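Think of it as A, B, C and D in the order they're written, each chain with its own count starting at 1.
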Amino acid sequence: MRIAAGVDVGSTQTKAVIMSDNGGVKITARALVDTGANVQRAAERAFDTCCREAGLHASDVGFVVGTGYGRYKIAFGNTQMTEITCHAKGASFLCPGTRTVIDMGGQDSKAISVGANGEVLDFVMNDKCAAGTGRFLANSAEVMGISLDEIGPLSLKAQHPVKMATVCTVFVESDILSYLAQGKTGEDILGGVHIAIAKRTLSLARRLNIEPEIAMTGGVARNLGMVRALEDVIGRKILVSPDAQFIGAAGAALFALEKLDQSFESSIWRGDHAASGRH
Amino acid sequence: MTDKKEYRGSIHQRQKDLMLSWYDQLEQAANTGNPPTIAMLISGNCVELLEGFGAVPLYPEINALQLAIRHQSLDPILAAEDLGYAADNCAYVKADIGCILKGITPTGGKLPTPTLILCNFVGCNTYLKWFEHLAKLQKAHLYVIDVPFMRADEPSRSDVEYVVKQLQETVKKLEQLTGRKFDYDKFRQAVEYSSRTEELWSRIKHLARRSPSPFDAYFDAITLMGPLYVYRAKPEGVEFFEAALAELQTKADGGKGVYEQEHFRLVMEGPPPYPYFRTFRDMFAKWQACAVASTYSTVGGLWEFGFRHDPASPFESVAMHMIAHNVTNRNFLQRYEQIRRYVEDWNADGVIIHFVKSCRLFSAGQGDMRDYFTKQLGVPTLYIESDLEDPRYFAEAQTKNRIDAFFESLEHAKTTVLSRA
Amino acid sequence: MPLLAGIDCGTSFTKAVVLLEENGQPRVVGKGRTRSGVKVDDAAAAALEQALGEAGLNRREVEYVAATGFGRYGVTFRDIQVTEITTAARGAHSVIPQTSTVLDIGGQCTRAIGVTDAGRVRVFKSNDKCAAGSGIFIQRAAKYLEVPLEDVGELSLRATHPQPISSVCAVLAETEIINHVSAGITVQDILRGIHESLADRAGALLKRVEMKDQLTLIGGVARQAGIARALEDRLKVRVNIPADCDFVCALGAALLGIRRLVGKRSTMETGAGEYAN
Amino acid sequence: MPCILSHMSFFERTFDTCSALHFPSVREWKQAHPGARVIAYFPVYAPVELIHAAGMLPVGLSGAGDRLDIQHADARFGSFICSIVKTTLEMGLTGHLEPFDGLLFSTICDSARNLCFVMRRNFSAMYVDFLHLPHNPGSPAAAQFLVEEYRRIVSELERLGGGKIHEDALRHSIVIYNRNRALIRELYQLRARTPQQVPTSELYQLIRLGNFLPVEEHTARLETALAEFQSRSTKPRDSIRIVVEGSFCEQPPLTLIRLVEDAGCYIVDDDFVIGQCWFEGEVPTGGDPLLALAKSYLDQSVYSSVRHDFRKPRWDGLVEKVRRNRADAVLFLIAKFCEPAYFDYVPYRQELERAGIPHLQLEFEEKSFTFDRLRTEIETFVESLVFD
């Protein structure tokens, strides 16, 4: 039985997934920790927790692929790949038939066109500034004094969603305060916030040919309000895997499994030997 | 392995020498008022005309980019912003104005106040503001050559006449300011030299169609651009590019490329991020990705498609060059076409669009360009953003991430094609 | 002996000052402070009551109420509203008479104000284009680095190799911080770098208002995070921080109230007064 | 917001309806003139006389304001590009430009010029043209060039309309537009004399109507309005007199203009919708009309950040404007990412400071929904000038 792992070191959270291939590929364990100030430690913690979860010893894991912003900090990783490539791979495994991936990360939003084999056909990411990324939601919640998990459900109760002038993660505060001063309800404001981001994300995705199935990945996918808002503006059903926030790590783990499979001859590693050569 | 290959032939040193002797001339002019100096802009420059007066060009853009490459651009930029320039103004202008305010020069030597600030307006509206402000700041003479924009595929008769008349007005203006008589034969001779330099430069550009390409038509081409704009119309220019062609020809014939193995061939659109020039180049070197063509290397003139200055009709050909044969005065769709030709004739795997916030002429609408290439032509295209002069707009981690992902997808595409076959 | 109130309705706190004017000498007799919450009017009333309580006075005795700050229009019982920039200048000038420049590092917006000898706004410049230069940025950074805000100043002083933050977007600046952290740079050096970049951004604003050798610093975040030292080092200025700096704007409002109340009629019909009725 | 006089809401309604995204007034005109063409020009200046003489309706296209979310255009024009460029493309991509047969752009700025050609690619069925207005008006060659450029546009219009444009028709159009611009100049003078009678929030709407209405109808409106304004007896209030500079292309939201007035400012001159009153005097009606239009553009245009005439600096123009109108201060209302306005702010500022004229610089976007930050700055500015 081949056992491999993927570790996705994001700016806020670090995720690890262990996968095994015993006739059929499946996720055997997952772990999630806050990245915090020590990236390297976060990666180790996530990986160790995951091994414990799976009742394995680190040495049982044949190959580890790192991804995410902190990927080059993963000391124990065998190689690394960008989360774009890994999200595509992971999504087409966890949400079969995926042709478009939408991911709202902390600093980056991305949309990816995915091929039949889970390869990246094209991708786009948010502009220079981080306006409209997942962070926007977090800040909105902070300003309203509500926990991140509550804002989605609340936003669904909006009667007359407000118009947001900016999706700047920082200036959202003054806009929200103005609306509160005008006596708008929290539901309507959050409704406006979700719609604003949904539209921003759609206009990002429009740079690609948006083809069904559309899958949403990353932690924000757990926000039902965000998923609904996106479905409304896109006018299509969106697939959300229960493992949405582990999709990057899962994709990395899948590549790690392929790596263990000697019959798989891909030059996709060449670039990354170059990479590991450098880092 | 990490390739940090770049073209380092003997001409690399000669290029340095040429540029230094140019700065020496400028310093001499600053000290003695001789030779006359004329501030001009790179795009569609008419350096040939200056030869008729034995005048030396002064290119603020070259000063600005030199500064940026040496990581010294932020201070002058901030100095200009103190004056009231906005965060979103062209950082070339800010760096240049800031240098004048603080007396900074790229070499540390002196730069003259130009005899004439000659605004060759070729599309870039910022040029007008820039030189207007320079003239105000330096209390220098200003003249604008208003070059009709390429709103059709070919310039009209009246477009050419308009520019020719203004060139002749410039000549009169310069005769007054320099007290020198315009030497028409020298001018015609200069045009003749230019046509030869252009032929050589064009052949060099075409060497990049070989696989592997003997040089990087973006990063290396920039090293060759200095001499092209300063010395194009002089015998030194001709000699320099003869040497360059010879060296690169040998390299090409020996099947030597920029990297041990040329893995990707790219067309680059947009100016480079000078403050992170090396970092940026390494992001491509890591993937052994070689630029085989670039639009930025055609701002001063677009010659690889056949245009040459013509000694038989010097004024008209200078006018034609300013109107129709430099990338900035050609319309946006003509740029699409230029890139499309590069992709096909230079056989590229993909296009990199580098949006620089400073330059709306280059960047405004590049999203539509991306749309055209990815959706209409199916050419893999990466769109990244930073700036050509302002170090504050380069997000290294993000840029690297996007570039890596782009090559991973190109690589993946290749392998899936293989595995299908 | 008119009794006046100045109420500063900030985004997070509402502050009230009660002023008693005796033979031309204004004297602060009470102060109140409360969380702003959603209802500006309630917070304003509460703060005022608190101040009056401290002074042992009664709401009916208050002759004139001047509101300032973000929520100034929400105060229904106000006689006039004045912006927090005008009141900051006036207030700072009254507590630190030699004030010629005020720097207000607020949550999202940093402001430099040039002040005349009379305590009136000569010129001002706000940086609300991007919040990378504002207090919220320090707050977020402290949160991310798991450092309590009040320790930030202390720590940053212990820096040995400050790491500049160049990005102009607060969020991208956080990415930079993350990269610094993963590059193993110490918290002290990072915090110092943040302080210095904040100081430099403030410096750019201050240049625009022709700052002299001294400046008066107000704004909660800045003070807690001890950015004063960074400002002094980077900008070579003497930084004065008024005692109970939180109340500077409320005080300024009350003082301007006096001018409106007993001052020349001529200014009574100014456009700025239009909202009052 | 207080203080818009009830009987003037008439203008507001009309401006409101005319600027609706489906361009009702334009559609009405097309119904009334079967087969006739409508040419939209991108905001600042266009030789509308040529279009009028062709029997077509010229329409000033100045963005979608806050009426349209940008959903597609963001993908084509990335960050750091002004809103009007995006909303204009967005209108096209969402079918809102359907009433127009042609789009005319000119040398405003680099973004606007690139937009012209992006439009050409995306709407190939439409007549999309670029007018090169000379930046070297001092050159003896400029007039002839501009005449040829106008002649080129004329022949394009003739091709589009299928009819010859006669010189007399052109002269007639010049007369009609002269009258329209004369009235606008008169209204501006009235406002400068008695600003309390001519609130800018009303005048602005009235002038912007000219972007949509046939010139004859607009002229009639101006005449009624002029009489109406003159007849008013509004009590002057203690406000500062300001000149607004910088909104020559993208237009500020009406709310913002009201906010400026409510904060205690009389706007005594501005460069809103500047194309509507482009010439300082009358365009000559005799001789070659194309030459008359060309020479007028070269020699008697108002100063503007999108026009370059090194014979007379724009900053002198601004200082003169302030003096002429006895203004207390200048308010720069600059559209976000408007590079021409950003650049000109520097010399403007230098010359204003030299002349001891106070100023405030603010940024706006045509689509803004909250104005608290701007209001605080404007009020502070007023307060700094009125409080002692």
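Here is the rule we use: a contact is a pair of C-beta atoms (placed from the backbone, for glycine too) under 8 Å apart; a residue touches a chain by one contact, two chains touch by 3 or more.
These numbers were taken from a predicted model, which means no experiment stands behind them.
S.K.: For the chain pair with the highest number of C-beta contact pairs, give its two chain identifiers.
M.R.: Comparing chain pairs, contacts are most numerous for B-D.
S.K.: Could you pull out the chain whose C-alpha mean position is farthest off from that of chain D?
M.R.: A
S.K.: With chain centres taken as the means of their Cα atoms, state the distance from chain A to chain D in Å.
M.R.: Taking the average C-alpha coordinate of chain A and of chain D, the gap between them is 46 Å.
S.K.: Per the centroid of Cα atoms for each chain, what is the distance between chain A and chain C, given in Å?
M.R.: 39
S.K.: Determine the centre-to-centre distance between chain B and chain D, using the mean Cα coordinates as centres, and give it in whole Å.
M.R.: Their C-alpha centroids are separated by 36 Å.
S.K.: Enumerate the residues of chain C that touch no fewer than two other chains.
M.R.: Residue numbers touching two or more other chains: 70, 128-130, 172, 175.
S.K.: Please set out, as single numbers or ranges, the residues of chain B touching at least two other chains.
M.R.: 84, 357, 367, 371, 383, 385, 393, 395, 397-398
S.K.: Got the chain D residues that touch at least 2 other chains?
M.R.: Residue numbers touching two or more other chains: 74-75, 78-80, 372-373.
S.K.: Show which residues of chain D lie in contact with chain A when the two form their complex.
M.R.: Listed in rising order, the residues are 66, 69-72, 74-75, 78-80, 365, 367-370, 372-373.
S.K.: Write out the stretch or stretches of chain C touching chain D in their complex.
M.R.: 70, 82-86, 109, 118, 120-124, 126, 128-129, 256, 259, 264, 266-267, 269-275
S.K.: Under the stated contact criterion, what part of chain A meets chain D in this complex?
M.R.: Residues 127-129, 162-165, 174-175, 178-179, 199-200, 202-204, 206-207 of chain A touch chain D in their complex.
S.K.: Would you mind writing out the residues of chain B in touch with chain D in their complex?
M.R.: It is residues 83-86, 88-90, 93, 121, 123-126, 128-129, 132-133, 135-136, 142-146, 148-149, 151, 156, 158-159, 161-162, 165-166, 169, 331-333, 336, 355, 357, 359-361, 363-368, 371-372, 383, 385 of chain B that touch chain D.
S.K.: Along chain D, where are the residues that touch chain B in the complex?
M.R.: Within the complex, chain D touches chain B at residues 74-81, 85, 107-111, 113-118, 120-122, 129-132, 134-136, 139-142, 144-145, 148-149, 152, 308, 310, 313, 337, 339-340, 342-347, 349-350, 361.
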